[in-house]
Amino acid sequence: MKIKVKRIKEILGFGVLHVCMLCVLMILAVIVYDIVSKGSGVISWDFLTKPPVDGMTKGGIFPAILGTFFVTLMTAVLAVPLGMGCAIYLNEYARDDGLTRFIRLSIRNLSGVPSIVFGLFGVALFVDACHFGTSILSAGATLGLMTLPLTITASEEALKTVPRSYREGALALGATKWQAIRYNVLPLAIPGILTGMILGLSRAAGETAPILFTGAAFFLPDVPNSILSQFMALPYHLYIMSTQHHNIALVRPIAYGTALVLIVLVFLMNLVAVIIRYRLRKKGNAHG
Amino acid sequence: MQRRHKEKLIELIFLFNGVLVVLVLAGIFLLLLKNALPAFKEVSVVHFLTKPIWNPDAYDQATYGLLPMLVSTLMVTLGSLVVAIPLGVGTAAYLSDVASPRVREIAKPVVEILAGIPSVVVGFLGIVLLGPVISKLTGSYNGLNALNGSILLAVMALPTIISLSEDALASVPRAYEEASLALGANRWETVLRVKIPAAASGILAACMLGMGRAIGETMTVLMATGNAAEFPRSFLGPVKTMTSTIAIELGEVAYYTTHFHMLFAVGLMLFIITFIINLCADMIFHRHTRGLA
Amino acid sequence: MRMDKKIRMKARKVEFFYGTTQILHGIDLDIFENNVTAIIGPSGCGKSTFIRLLNRMHELVPSARLKGEITLDGKSITSADVDPVEIRRKVGMVFQKPNPFPKSIFENVAYGLEVNGVKDRHFIEDRVVSSLKKAALWQEVEKRLHDSALSLSGGQQQRLCIARCLAIEPEVILFDEPCASLDPISTHKVEELILELKKDYTIVIVTHNMQQAARVSDHTGFFYMGKLVEFGRTEDMFTRPREKRTEDYITGRFG
């Protein structure tokens, strides 16, 4: 009898947990369904390749796509080498001392700094103090620093998977430490690092708050011609089209289209990362 | 000799690269401070921390009270946690203790994808999807209010809470589980009475990190909470959080004015609050991992 | 002359698999009431796997598969319609490494009662005290019942796990190498305790320590490569084993 009560409680309890999981699945399903169903109608070749016209009530979003591409590239230029460098230091050189613990603590805290605070920081440092103005450079640098915790952690994970013996083997043959890292460790870690970098950049590509005041522009008829130009960006464009435009109801389809392009872009980057990780895992298994 | 110098130099470069992270964090704090301080030449700290009105454009006398936006931020954050913690911890427990390996294989990427959805997209859906629903259910004007923001923030905080809570549950030694089952507990009792308590500090840390996320989240609240400058009264009324205030006003303000510096002061407060929360989460988390060792 | 006692548990034609790997082959074994039955054998022989079948702890591994039958008082415990929770309340288990919950000493012992639906606080308190006394731990923890169980020494933790198991009044207690991680003094205490407990309980102990088997058990089974090579009275087995492999093992020629 008691056993039966216990069993019923178990079924109910697990049922509640199951419902929690289904809720989370549903949230994602609703988000994806709504955007795909209402956004796919406006997607066309022209939408992707033409600039907005008629006070942004018609036309495409090409400059925003291009702007997001440029600023993400700028982000990569900063985040990739610095993220890798820091990871190499932590995994290969650092001793387990106070400084290392302090660096790790800083990384964890940096990852918790709100994106709008990074925006303020970008304004104060790059726009104002460095005189880069509102530009691709300022926005990309801000996003690059913001992405650092992600890229460092991912790179370090990748470096950790390289067996100790690879380093020892190289060192025993008379290689210097840097040679061992350069020729024996990095080649094996690169795919893993790449996965992490792409995931980090996909986050950066979707960010809005840090670029609000560091370079994103409401509307630019021309494509940016230098890293000191302002730029249009997909996430910012979506924000404008859904809150700031003078005729919001009219441009709602364009907003949906922009949202769809943005999430497809982010998903594609994630997909590439997942594929690299998957192939890497398979190769790892083949090795033994 | 040459080679040794070169190696030393390379190590130094990497060391500098490592220290750079510390410098960035310190730099953020110092630059916020530097740009916030001039504001307090005009306005006292007491004024900033106690005045219940934020009205920089007032006709006669501008007031810069942090309280309305601080309360707004706390409101939407707590509201989001009420939704996100049970849902997130429940999902984590499901994934770690109920789901079959195949379900887990599917669910894990779902959580990752949810984490990857840009906040501006979530905010957009708050306007076009959730707003009308709330408006219909509660009769409020457009459904852009604290309730809307809370629900969206819950969506933003969920992936953090789920994945870190699941890690915490997974790190509970199998021996506890075995002991519980051997004493005649079933799996539900084992999850509820042994695994969740044993993972409690890890789960708490996860929830705190989720909370830090929610406090600092900008675009969702900027787009979905209505942004009225008045003191927040209810979850069905519009609110303007710290993050939205910065996001809206920094674009309109002239550089080096008191208002400009005040926005940095708000940013500084935001930085300090999230920093403390993250630091606490970190300490709790380390107690968790040490406790299980 | 000693009377043979009643048989409590029986294993018949037990075959056990992890996925496609067969771990146990055709085990037939009887467990007598108020006896200590020791299971010995080299590591990897299947002895720990076998003891986990006796209260269905093997089901925690999804790919585990069992053939044959195990009974308790003549009733099958292995058929699909028997709830493992019910079996585990009758057949308790003490593990190789002490595994108290990260709760207080009191809560550890009370846990089994609470999950089995006991609500009466007085009853629980009395049972906690009596279980700790039976496990010879009472004097050491009397004044710190609400301290964390993790503050105890390894030997004390293991006796706490025994007390925790006694609290739900099982009929059979399984010990899976209970002294493997303990120092000699703690080991001695646990062995004394086992001898004391056999008056009231039926006990099965897995051990890799043959002296321990000889000291505490009445019957011994020798497992080798997933087979039960020999089973009999402990004194017979250690003085005149029937099988060559048993003799080799207990005289230390392999293992």
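We just call them A, B and C in the order they show up, numbering each chain from 1.
FYI, a residue touches a chain if its C-beta (ideal position, glycine included) is under 8 Å from a C-beta of that chain, and two chains touch if they have at least 3 such contacts.
Since the model is a prediction, treat every value here as computed from it, not as a measurement.
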Pairwise touch network: line, ring, star, complete, or other: complete
Of A-C and B-C, whichever chain pair has more C-beta contact pairs: B-C
Distance between chain centroids, defined by C-alpha means - chain A, chain B (Å): 17
Centroid distance [mean C-alpha coordinates] between chain C and chain A, Å: 53
Intercentroid distance (Cα basis), chain C paired with chain B, Å: 49
Sequence positions of chain C contacting 2 or more other chains: 85-86, 115-116
Junction residues of chain A - those touching two or more other chains: 6-7
Shared-contact residues (touching 2 or more other chains) in chain B: 186, 189
Residues on chain B engaged by chain A in the complex (per definition of touch): 3, 6-7, 10-11, 13-15, 17-22, 24-25, 27-28, 31-32, 34-35, 86-88, 90-91, 93-95, 97-99, 107, 109-114, 116-125, 127-129, 155, 158, 162, 186-189, 191-192, 209, 212-213, 215-219, 222-223, 243, 246-247, 250-251, 255, 263-264, 267, 270-271, 274-275, 277-279, 282
Touching residues on chain C, where the partner in the complex is chain A: 83, 85-86, 115-117
Interfacial residue positions of chain B with respect to chain C in the complex: 101, 173, 175-186, 189, 193-194, 197-198, 291-292
Chain C-facing residues of chain A, complex: 2-3, 5-7
Chain B-touching residues of chain A, taken from the complex the two chains share: 6-7, 9-10, 13-14, 16-21, 23-25, 27-28, 30-31, 34-35, 82, 85-86, 88-90, 92-94, 99-100, 102-103, 105-110, 112-121, 123-125, 128-129, 145, 148-149, 152, 176-178, 199, 202-203, 205-209, 212-213, 235-236, 238-239, 242-243, 252, 255-256, 259, 262-263, 266-267, 270, 274
